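Each of the next two complexes has chain A plus one other chain: chain B in the first, chain C in the second.
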Partner chain A sequence: MKNNRQTLVTRFEEKLIAKLENENIIITTDNFNFINKYYDVVNKQNKLNNITVYYDGALTSIRFLETWKHIPLVLYVNSIGSHRMFFHLMPILRQMNVRIFLSNQTPQNFVDLQIMASLGICSGIYFSTTKMDWNKFADLQTYAIYSKNKHAAVEPFNFILSNYKRESRLDFNTVYYNDPQKFLHLNAEGQIALNADDLKAGKFVLENISLIDSLPDNQDYIKETTKWQQHFLDKTHCAECLAWRICLGKFVETIDDQKSCANTMTELLDGVEHHQQRLQNQQNNQNQQKNRR
Partner chain B sequence: MAVIIFKATEKCNANCIYCGVVKKHQDIVMDCELLTSIFHKINVYLLKYPREKVAFTWHGGEVGLLGADYFNTAYDIVHQQCPNTWDRIEHLVQSNMTVLNQDIIDAFKKLGITQIGTSYEYYDGIRGLGKNRDSMAYNRRFFQGVNLAERNGLTWGFIYVVNKKSLQDPLKLFIYLTNLNLRSSPMFNKMYDYDKQEDSLVINQDEYADFLGAILPFWLKHRDRYPSAKPFSLFYNSIVEKRVQMGCEYMGHCTSRWVYIGPDGSTAQCGRAGDFGIMKYPKIQDATLEEIMFHKDRDVIDTRQITLPETECKDCPLWGICHGGCVLDAYMDKREHGHKSPNCAWVQKFIYKYWEPITGIKVEMYNKFTKKA
Partner chain C sequence: MANILLTQKCVRSCPYCFAKQHMSDSAPDDTLSWENLLYIVDFFDASNEKHFSLLGGEPFLHPNFLDILLYLRERKFRTNVFTSGVMSNKMFDEAIRELQHFTPMQLSFVVNVNDPKKTPFSELETVRRFLKAFGHFTSLSFNVYRKDADMDFLIQYINEFGLKRHIRLGLAHPIPGLKNTHIPPSGLREMAQNLISHIPQLNANHISLGFDCGMPMCIFTDQEMGQLYKNAKGQLKFTCGPAVDVGPDMSVWTCFPLSNYKKTSIYDFDNVHEIRKYYQQIMAEGRKEIAGIFEQCDDCEHLKNNLCSGGCFAHIVSKFYNEPENIRKFKEVKNEK
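Coming up: the complex of A and B.
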């Protein structure tokens, strides 16, 4: 695969895929019928990163097929559905290479994410509404970071835990493919947008992938990758927030009098640093033991 | 290492309230003949001292106003005049970042510059462009410069000048500024009072100590997150880790290590001495670099290091941190070199009111020749 190149995110267009070579590709779809086909076609001359299905329904209404077992799947669904049905799905879900995202729309989803993670299913929250239940978010965060019981990864906490470095900003929009330094979005004609919203709005920065080397000098790209600076020019609450480095102002529209987002994200930052310190201490102890031998 | 604070120009596009250079209103740019002569003298100096190095700090004014051609010419001159010593000259740069362009950045890189030192201000109307000190225009251009530097692989660090407005909410300011550049936390310097015209923003010693004291507990709790925030890290390293690495003002060993060279070839003890117009030495046209670096007038600094522990700083447990402070500040305060710096007041207050009670660590860094700890 092409080194240091962005992963391309696109709906399945056979002609477009045929024009691409050695690219890392994510196929987005709302249709489960052609998953095997997508996998086979994309992997002919490119590498399929995953197939992401945006499904306007409950997880339990999806009919999972045995033939998907080897295919990396990411599912965005509204909810789990009935718990009874969900537990029936568990045997096949456990065999799948799947990550399931639930919306932040209902408090129950936060609880269900915890249930899924505890059952070994990789999962994550996605933000479809600015009305955030910060208490539920904090509960999920505490579970994802501090729980000593074995559980699967919960995004975006897992991403933040794995990628946080104190000397650089961390953008967890990467989890949702909205980071043009890591992902580019293509339409059927191969025109390139910087994120999913721009793709939807038909706002393109490059006409096709052959122009990708010019991207670092593209003014829209520069503007997009440096838009965080506007918080500092405007002196927003986010620029003065302890958790800035892991949040970058993503919840600016949710800021309430109690600054719930700041409190929750600051707890997250503390948790991440604590986690890294613990890993570092373990590593140091192991090194010491090796040296003693 | 000899540190040359080199100001080929003192012109600036900005009009910052606390800048001593802007108030000089100098428009001279050093010509190539003098620039050539300076590097010739550096070469002679380095040949005579084969283990010595020179930190050549391009300072201003705003160095970006010199333009890329000036730096490219300087590169050629360095290699012509210093054929066997150029690799012992480390080029550094201070810039306000607001006039940088790709050509200038390329020229910096050619000179081996990898980091840009700069300044930033949170409050409006203090740093800015033009007569009205347009801060928004300044900050926008600043970020353009930052983006350009970062795209070219250059890093940047900055100084924040603590002023009256900074006292409103020190912790909020600290968080904002440390968020601004996660790679390198700022140095919080006290605002200097150059001409007392803008004294509404100048803070006193107590206020500076209180400013630092308001941040200290937070910094101590999160020092792994902000390892380079100064002066906190400097105090911590000096007191707890016994690695005394305070700024030049507090080390007491600048005697023959620093020199300022101005656009007309005038020299002085250091950049601030050049700004204040004190502790001047012969023009570079009239002396060798060695003669300037070891000028007899510099002896007062060494003498002061011997006399202060016997007099004003006698038995002071903070001697090992501040060494009597900066000779320039002492001179500006009392018009004599031999006294301790008035900054002693903030250091004492910071240590006794904040550091010792908060950390529980008593500072006992006496002068080892006059009193044993």
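Coming up: the complex of A and C.
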């Protein structure tokens, strides 16, 4: 696969896939019928990163097939559905290479993400509404960071925990493929957009993948990758927020009188730093023990 | 084994109920939430205890009861459920459907039964229905609150429904500051004689007895102890220690009769061993004042050797509860939390 190149995110288009070679590819779809075909076709001359299914329904209404076991799947669903049916799905879910995202639309989803993670299913929250239940979000992040027990990863907290560096900012939009330094979005003709919204709006920065080497000098690309600076130019609340480094103003539309988002994200930052300190201490202890020997 | 309360609602009103104080202090619609359940399961998992009992009220009244059992099975917890066996037809049908793939290693029921002669017919019918359906998961529990308790029906139930051949025998304990029906220390010897009179029949049916906490050893003669020892295959217990109960609101206490004595919160501890240690210390302090429920407990060798705890700690708390100074202290403790 091509090194240091963005992963390409596209809907399945056989002719387009045939034109690509040695690319890392994510197929997006809303249809479960052709999962196996996507896997086989993409892997002929490219590498399938995963198939991401955006499904407007509950997890428990999906008929999981044994033939999907070897296919990396990412599912965006509205909810898990009935708990009972979900628990009955567990034997097959455990065998799948799957990450399940639930929307932030209902408070129950935040709890269900904990249930999934506690049962070893990788999961995450996605933001489909600006009406955020910050208390539930805080509960989920507490679980993701401080839980007494081992559990599967919960995004975006897992991404933040794994990638945070004290001296630099971190964009967790990577989790949702909306980071043009890591992901590019292609339409059926191979035109390239910087994120999912631009793709939807037909706003393209390159006509095809052969022009990708010119991307770093592309003005739209530069603007997109530096748009965080606008918060400082506009002096928004986010520019003063302690948690700026891990949030980059993503929740500016949700800011309320209590600054719930700032409080929650600052707690998250504290948690991440605490987590890293703990890892550092463990490392130090191990090194000390080695030296003693 | 620790106990997790799923709900405060109960379908019965047993005269000896030692959860009375707790129930009267709690909102009846207070049920364990998924968030709290997840915390509790993680808490026990982190304490290396992969088993606990689910209690109520009546656990089957929790709106997510069957889902909770399915979840605990996925977490590889062994779950014991204390139930009356009384439930709606709808719940019974669902339970039959959902629990058929559980094994007795994953799930067990302890059905607390009362004397059928004193039980309403409709209740009796639903209990019998439950025992018939879930007999292979079930052992019986019987709380003795009368000196002349009839136990023949327990043997009959075990034989009729193929239940586990073991009876968990509890003593109804007093609730400090409240009235419930229980046998006072002076009546325990008579109760013991009645109990021993059932041993030959229990032996003939290969049914063993096991004591719940707080049964004093000295209410049995040495000869009777021998009979009990043989019946229970040596598994006899005359101790009283913290059981650890966790409520839907995450409050923690040592056992139902003492639900208002030094109640605290699960969040104050890192693991379940810390909770036990906390209540063990409290009970040890109390027993320094009064060793046991009988005067002779003060000099008892068996108590010193930890073979017997000298009866239920609730009797001890009850003894000093009515002293004005202690009422004040007790109320302070109650209000602390």
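By our rule, the second predicted complex is superposed on the first by the 293 of 293 C-alpha atoms of A that agree within 3 Å, B and C clash if a C-alpha of one lies under 4 Å from a C-alpha of the other, contacts with A are read in each partner's own complex, and residues count from 1 in each chain.
Note that contacts are C-beta pairs under 8 Å (C-beta built on N, C-alpha and C of every residue); 3 or more make two chains touch, one makes a residue touch a chain.
Note that the structure is a prediction, hence the values are computed from the model and not measured.
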item: Superposition on chain A - do chain B and chain C clash or fit; value: fit
item: In the superposition, chain B vs chain C on chain A residues touched; value: B
item: Which of chain B and chain C A:K259 touches, first, second, both or neither; value: neither
item: First, second, both or neither for A:R5, with chain B first and chain C second; value: neither
item: First, second, both or neither for A:M90, with chain B first and chain C second; value: second
item: Contacts of A:H275 with chain B and chain C, given as first, second, both or neither; value: neither
item: Contacts of A:E167 with chain B and chain C, given as first, second, both or neither; value: first
item: Partner chain(s) touched by A:P216 [first = chain B, second = chain C, both, neither]; value: first
item: From chain A, separation angle of chain B and chain C (C-alpha centres, steps of 10 degrees); value: 110
item: First (chain B), second (chain C), both or neither touched by A:W244; value: first
item: Partner chain in contact with A:F232 - chain B first, chain C second, else both or neither; value: first
item: Minimum distance between Cα atoms of chain B and chain C in the superposition (Å); value: 26
item: Sites on chain A touched by chain C in the complex; value: 83-84, 87-88, 90, 111, 114-115, 118-119, 139, 143, 147-149
item: Of all residues in chain B, those that touch chain A in their complex; value: 122, 136, 139-140, 143, 146-147, 151, 172, 175-176, 179-180, 182-183, 224-225
item: Chain A residues within the chain B interface of the complex; value: 166-169, 216, 222, 226, 229, 232-233, 235, 239-242, 244-245, 273, 277
item: Complex interface listing, chain C residues touching chain A; value: 34-35, 38, 41-43, 45-46, 64, 66-67, 70-71, 73-75, 98
